[in-house]
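Take a look at these structures.
First chain A sits with chain B, and in the next complex the same chain sits with chain C.
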Partner chain A sequence: MINKLNSKRHTNHQLKSSPEYSQASFTFVLSLAITVILLLNSFHYADGTVRSWVFLAFAAYAVFTIIQLIIAILIRRDLLQAGDIRRSTRLLGYVQLLSILSGNLFTTVFGCNLVKKRKPPEYTIAVYMLLTQLCVMAISALNLFKPYVSNTFLPAMFGLLIITVFHFASLLLVAKYVDGHYAHPKLVWIALPLALSAVSGNLFALVLGINLLAKIRRNGNPALTRWGDVWVKLTGNSTAMLGLFFVVFLFCLSVCSLLTFEYSFAIDNNYSAILLPPSLEYPLGTDNFGRDLFSRIVYGARISLIVGFASTLVPVVIGGILGAISGYYGRHTDNIIMRMLDVLYAIPGILLAVAIIAAFGANTVNLIIALSVGAIPTYARTMRANVLLVSTYEYVDAARAFGSSNLSIIFKHIVPNSLAPMIVKSTLTIGSAVIATSSLSYLGLGVEPHIPEWGNILKIGSTYLETHSYLAIYPGLAIILLVLSFNFLGDGLRDALDPKLD
Partner chain B sequence: MKKNNLLLLMLTLVIVLAGCSVTTKEDAQQQNQQDPAAETPADNTAVDIELLGMSANESDLNIIRDQLSKNGFNVKLNLQPDYGSYKAQQDAGNFDIALSSWTTVTGNPDYAVRSLFKTGGDYSIMSDEEVDRLIDEAATQTPEEAVETYRQLEQRLVTDKAYIAPLYISLKSQAFNKEVLDPSSVRLSKSRSLPWEEVDFNDTSKRATEPLILSQANSELTSLDPIKGNDGSINIINTNMNVRLINLTDDDKITSEGSLSYNHAIGEGNYDYYFILRDDINFARINNKQAEDSGERVGADDVIFSMNRAKDKDSVPDHRTYTLHEHINTVEAVTDLSELENTKVSGSSESIKDALEKGLSTKISALVSDKNQANSSEGKYQVIKLTTTEPFPQVLNYLAHQSAGIVSKQQVEKINTYDINNFDINKDIPYGDQRSVTEGDGYNNTLYASGPYILSYKNDYEAVFYKNPGYMSGTEHEPRIEQINVRFIKDAESTLSALRSGEIHLYYGVPETRYDVVQSDSKLELTTIESNAVSYLLFNTKNRDVANSDDLRKAVLYSINQDEILAYYSNNKIKAYSTVSPIVKTGNELVADPAKVQEFLNAYKASK
Partner chain C sequence: MKGAEAAAQNRLVSTISNTYRKILLNPSYKYLLLLLGAPVNLVVFLIYWIWRRKDPSTQAEERIHSQLVESGALIKLRADIYEQEKRKAAFFKRTADERQLQRQAERIADVQLRELVKEQAAKELKLSGQQRLSMADTFERLLQHPLFLAASFIPGLLMYILIFLYSNPYMKYIFERLVMTVFVIFGVAFLVFTILYLSPFNPAANILGQTATADQIAAFNRIHGLDQSYWVQLWNNIKGIAFFDLGRSFSGNEDITASIARKFPITLTLALISLIVAVAIALPIGIISATRPNSFFDYTFMFVALIGLSIPNFWQGLILILNFSIKLNWLPATFNPANWLSMIMPVIVLGTSLTASVARMTRSSTLEVINEDYMLTAKAKGLGKQTILMKHAVRNALIPIITVIGLLFGGMLGGAAVTEKVFNISGIGSYIVDKQFIPDIPAIMGGVVYTAITISLINVIIDILYAFFDPRIRSKMKQY
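Right, the complex of A and B next:
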């Protein structure tokens, strides 16, 4: 009995200790879900015919999902028998790499993870960097089916192509020359261009560049910096990386859409193309004014991200400063600031936002202000609690003994060490800011109705739920995915930043 | 590295191949503009223009914004959530163009222009002598002659001066549950409201047990005194609560059918109008929230009282309809039978008496002054004579409007005891105030209804009406259904859902874009008819560039493409040229012309 229990525990432990195994199952489930969705959509239920394109996509996904299942079973067998994944199983990862052609990102990422036994964070970041670039290229290339493309489309696509090729080369180099604590010094020559290539919005490139430079400087030194440590943990967390990937992807797409997308498709009415179902020319169909839903959603991402980030950054800065001052000085300062913030806290955030918009009019700046004001107290409270804790530490006393000024103590010693919870909190609240933006637009209180904003798009879609449901489904999906991504990322960051989990 | 190079080569190849066939925006624009001389305008800067509207009309505003932007305007939207704030913005002059709409509820062309465009009209913000002259000229002409005058008016109003830019005529639509309601009993008329008394269930045994459930967007009822309101919140209700001297048919012809008069006749010279009154309508009142017959008959004294207060601006505070009745000169009861015998009908040798007797089973033997003495079976009748300030046959259309509804002289005088000069809305509760019928402490229903139904009480959820027991009993106009509930549902989508779920029986005013949903539902029936409602853009006449520059206004006018609007509404709108378009077919049509827009815009810029 005890032996049996022991062996079961042993099995569990063996399986859990391998990140590849949990990733394999996770990827299988996601891939299976999409496969099922594709299957369900590949039939016209009304007349019983098969949609050949969707069915083809289903078939492709099904193949890779089955391979994924086989890999997962093989890994389990390897782990239980040998305690390690065999080389032959790892080679199957190359097969999964091919799934990029079918657009199945999950299995592709898994393939990249599987083929390399020891993965420095730089390798994972490089993989995601390349994927982001490929996805942006693919999405932008859909514009080729439009009647015309923007004037900057061709040069921009060519630029993107060069960057993609460079990223691909970087991935190969990183895979070959970067190790746990060592990076080839000559990689400095790709680190700088990588950081520069982040102008396309691909923040993974920036992170990779910085990480490479940092690693080269500390070559051979096994001590981990905080920054490096966070990335080691974050890259090991698939859900967090998926979240980060989607956020960076949207950001990159928003930046690239400046050049590769034509704004007039998103905003000009086209009465000859009203309420068309999805086609190659209009990948997500058109709305009741004949505007291309696909272009609108892409442009909407820009507003959602800007408002989401800005309306989180403003209260983080204001609330952070107020919280830090009130936590450090205590007594009357603390009382006055916190009681005033309590008053603000007593007003429901969304109500305050509605009131501000109603009073000052609906535009993006007012929207950011409206969403920011209500969030200040919560950030101030978080910051104050951290500062109260940190200011009791010895190094603060030491700084004081050296005669540092209060301000320099607060902003040099205390605030940097109290930031972690603020970062986690802000990542988690960006999601709610995105939802609040969309809700206000949905109510007609956000940006002007013709501006492509996800809430606006959803509002139009909501009246066509029955007849043209795609008008509501796609913007709804976009909102869900972005919010979910921020939440996944926030969770991952919390784990990565929490010293207790070490 | 070899693989890498190969990939690079392949991708480059793909892009280059694609690049050969890709059309950029510049290419597309060059293809569209074959005539290079026509372009290159002197000044390419966009002209700022502020467009005011309500969020309920968001789609129209978006179409106009789009059309103006494409024609070189920089449109600033001033979007207001409701009519109140929209009107406030309009009164404050915070607009260049305002999206407006007008419904000619009386069905005559004069009403469609008089108060909107004549100097000093109650909705007019403009003043143009030529326009004034043409409006007055058309009012006195026969319908055939008036067509040419209205054509000239449109020429001046729209083509020459562009005081308005017309958009479209709407359809009037109504959807109802045909499993519950008898389709032949549900009327849809061009101008008049739905006559509730005719609506019937398929299963007539339900008349006494089940209420008919209608819906309405606005739960704030302006006033139940017919002369104190003329808007969507009360038009249908007041039409069914107060009987009138005359009615309109479904296609806007004058008829005595279903009205207080058996017959009517126009005297020679078009100054005098005669009505012979029915004797089978009593006022209903509410006792203990139930309707009962007050025992008081609707008669000549009530008609005289109602007409006089309708035309008198100072008869009540907040009189909102006196301009409709400004042509009424005197109203009196005729007691001398010889007057009817000696007066001829306009354009005929027939006497008024003969005209009024048509179709009556008992001829007129005597005219009585006491309304309780009137008895049609004995030949004792009451006759009303109404004179106008000038020959004006269209006055009959105004008498068919809900504001000409007959109220009880006795009851209104009993309630309206306040001093009109010191009227205080917080203290005085006038006749028909919605506070007196709203459930709660202030409830004190003092209504006397001469029409087929009477309002018992209302709350935020619904208003409940009961049949008037003394209304034309035993005739075909006797109300069929005992109780009518009007649900207040603000949102069009929710109303449609309520109709589909069977919560309400009839939905008046289905949005054009939702017709397909109604039509695809087997238990619903949709009826539509061209209405007298016209949407147009109104230009500001003060302190703005559009007020002074004809060129700028015309540039806006020719930017409007009605074909695109029709396409958006899947052809469920009709082209318009002015507010008289639904009533008089003048043959004018607005054709969008981007070349003219550029011409006028350049002229405007040059003049600055």
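Right, the complex of A and C next:
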């Protein structure tokens, strides 16, 4: 009995010693889920025919899912027998790299993870940077099937291509010359252009550039800065990285779509193409005015991101300042501020937003204000609790003994040290801000109806639920993916910034 | 018999005077007490003032003060402090005005002298076993006369009620919580009305149409009281909310309170059913996940929960309608109170995000508790696994969960508007949304404020129940 228990514990311990094993099973489950969804969608149930394109995709996914399963089994065997993953198993990772051609990002990421034994965070960031670039290129390239493209399409695609090649080269260099606490000093020459290439919206490039510069500066020094530590933890968390990847991808796509997408497909009526089913020209079909659903969703991403970030940033700043003041000064200041905020807190966010929009009209700015006002009390409470904790620390007393003014103590010492929970909370609430935005738009209280926002698209889709349900399904999926990504990222950040925080 | 009565009366008197003494030390209650019992307190103060003159402490203080001044202690103190101030200014490299320094030194010296006098007087009194007379002492001595108690009972009734509330920690807590709630409700009414009042829209023009003449608009405004000043309108609306009479709506001419009373129960019933279903599903899931952290179950449940948190209500509703009403034709797509089948989909949609949050919260809260020391003790005592889990882990983990449920329930009532629109439910949420296009100020205000009141009351009840059920809060309250 005890032996059995011991050996079970031993097995568990061995399997947990390598992050690759849990990543392999996670990737397998995700890949399998998509394979099954593709299989279910590859038949017309009404007349029993096969959709050849979907079935082909299913076949490709199935192949890589099976390879993934084999890899997971091999890793398990290696870990139990040798205690380490063999070289031959790691080489299988190169096979998984090919899955990029089928569009299976999960197995591609896993392949990149598997082929390299020791992965500094820079390597993982570089992988995601390249993937983001490739995905944006692929999505933008779908415009080639349109009757015409925007004037800036060709130069923009050419620029994207150059950046992609550069990113690929950087990935190879990073893989070769960055290791543990050491980075080759000559990498400075790619770190700066990498940070510059973030103008395409690829924030991974910016982070990679900063991380490389930081690593080169303190070469060989094993001490970790807070920033570096967060990235080590974050890159080790696959779900958080997937979430971050989707957010950065959507941001990058929103930036690039300024040049590569033709706005008229999204807003101009085209009566010759009303309610068309998905095709190459219209990848997600068209709506009741002949507008391309695909372009509309890409444009909607911009608005969702802007409203989501703005309606989180405003209450974070206002609530943060109020919370910091009331936590630091205490007594009457605290009482007055917190009682005022209690009034705001008593009204449910959506109802307050409805009341504000009822009073001032439905448009994007009012929507941001309405969503922000309701969120102020929660941030103020979070900030106040942190400030109460931080103000008891010695360095605050020290600053006071040196004669710093109250304001400089608050903003130089207390606020920077109580930001972590605010960052986590705001990441987790951007998702709900996105949902609230689309919900209010769906009710006709959000973004103006002529702007292709996801809630507005869904509102139109809901009237064609019986005949053209894809009009309602795709924008909904986009919302879910974005919100899910923010939630994954928030959970990962919470683990990285403060494991005890909730 | 008589002795027992006397003892009871003595106890009463000592409780009252002790509480009176305590309240006088509390900065916020002090003024309330003085105000509520103003006639009684005035009498007590007058007597205190008279007795004070014969008080040994006053005499001792005066004597010591004159002694100190005569012996030259004051002058020495002033010189010392002046020296200190000068050195301080030199150290911080501040140029200080000579006269100003002098004045400051005098001020500080006076304060210190007064403290010194008080200290010495107190020491002297202590040696002779006497005490300084205070207002509370006067009150206590007066209370010893039954005549005073009887005479002051009617004019000081409010004060005695306050003393009674203050003497019992639970009563005090409940009282404070209720006062806070009333304040919050008035704040909500004020805030919502102000927002709607500031609106640049003109309800009269919206309802009567573009062709309305100035006279018609003026008549409309007069009927609905829109021509009155801000304060009058605010007062009328708050009065309307307090007495459940918000008048008639701008369009449709219906009694607003009656409409709200008709629609509110529908929303509340749906929300309550979803809450019960959600909690019944979420608690076991959260506990299972916490007992097997990082297992396959845990990952799957938490992943599903995260997806549940990420689905917009209206989209989920649309997908359910698409699958179960249009394709499979199992459930009706629109809500009908008489048909319980039509309730299933709205309950699922309303409960999804709540289930997800509660499951996540239960997991993290139980995980935290499982690593506590008392769990180890329970295990060491040899208790069964089931007992440890249910009696020690879950009971302790439930407290933050219930708070979260209370808060989420409020969000659910507020967020119901979207679900109600999707399923065509005539609840309070869709009522507010329908009225906002005009904007129908009293209707929106009534809907929002009554929802906020319900939520506040629910949270108050949860808070008060805690105070009774959680031994930790109970013991903390006894000290407060």
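In this section, the second predicted complex is superposed on the first by the 498 of 502 C-alpha atoms of A that agree within 3 Å, B and C clash if a C-alpha of one lies under 4 Å from a C-alpha of the other, contacts with A are read in each partner's own complex, and residues count from 1 in each chain.
The criterion applied here is as follows: contacts are C-beta pairs under 8 Å (C-beta built on N, C-alpha and C of every residue); 3 or more make two chains touch, one makes a residue touch a chain.
All figures in this text were calculated on a predicted structure; none of them were measured in a lab.
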item: First, second, both or neither for A:151, with chain B first and chain C second; value: first
item: Touching partner for A:87 - first (chain B), second (chain C), both, neither; value: neither
item: Partner chain in contact with A:118 - chain B first, chain C second, else both or neither; value: neither
item: Chain B versus chain C as contact partner of A:13, first or second or both or neither; value: neither
item: Broader residue contact with chain A after superposition on the shared chain, chain B or chain C; value: C
item: Partner chain in contact with A:466 - chain B first, chain C second, else both or neither; value: both
item: Shared chain A surface residues [contacts with chain B and with chain C]; value: 466
item: Chain B-touching residues of chain A, taken from the complex the two chains share; value: 144, 147-151, 153-154, 157-158, 161, 164-165, 168-169, 172, 262, 264, 268-269, 271-272, 274, 288-289, 362, 444, 448-450, 463, 466-467
item: Complex contact set, residues of chain C against chain A; value: 180, 183-185, 187-188, 190-192, 195-196, 198-201, 306-307, 309-315, 318-319, 321-322, 326, 364, 410-411, 413-415, 417-418, 421-422, 429, 432-433, 435-437, 439, 444, 447-448, 451-452, 455-456
item: Residues of chain B defined as touching chain A within the complex; value: 4, 7-8, 11-12, 15, 18-19, 22-28, 55, 58-59, 61-63, 65-66, 69-70, 77, 79, 81, 493, 513-514, 516-517, 563-564, 567-568
item: Residues on chain A engaged by chain C in the complex (per definition of touch); value: 339-340, 342-344, 346-352, 354-361, 431, 435, 438-439, 442-443, 445, 458, 461-462, 465-466, 469, 472-473, 476, 479-480, 483-484, 487-488, 491, 502
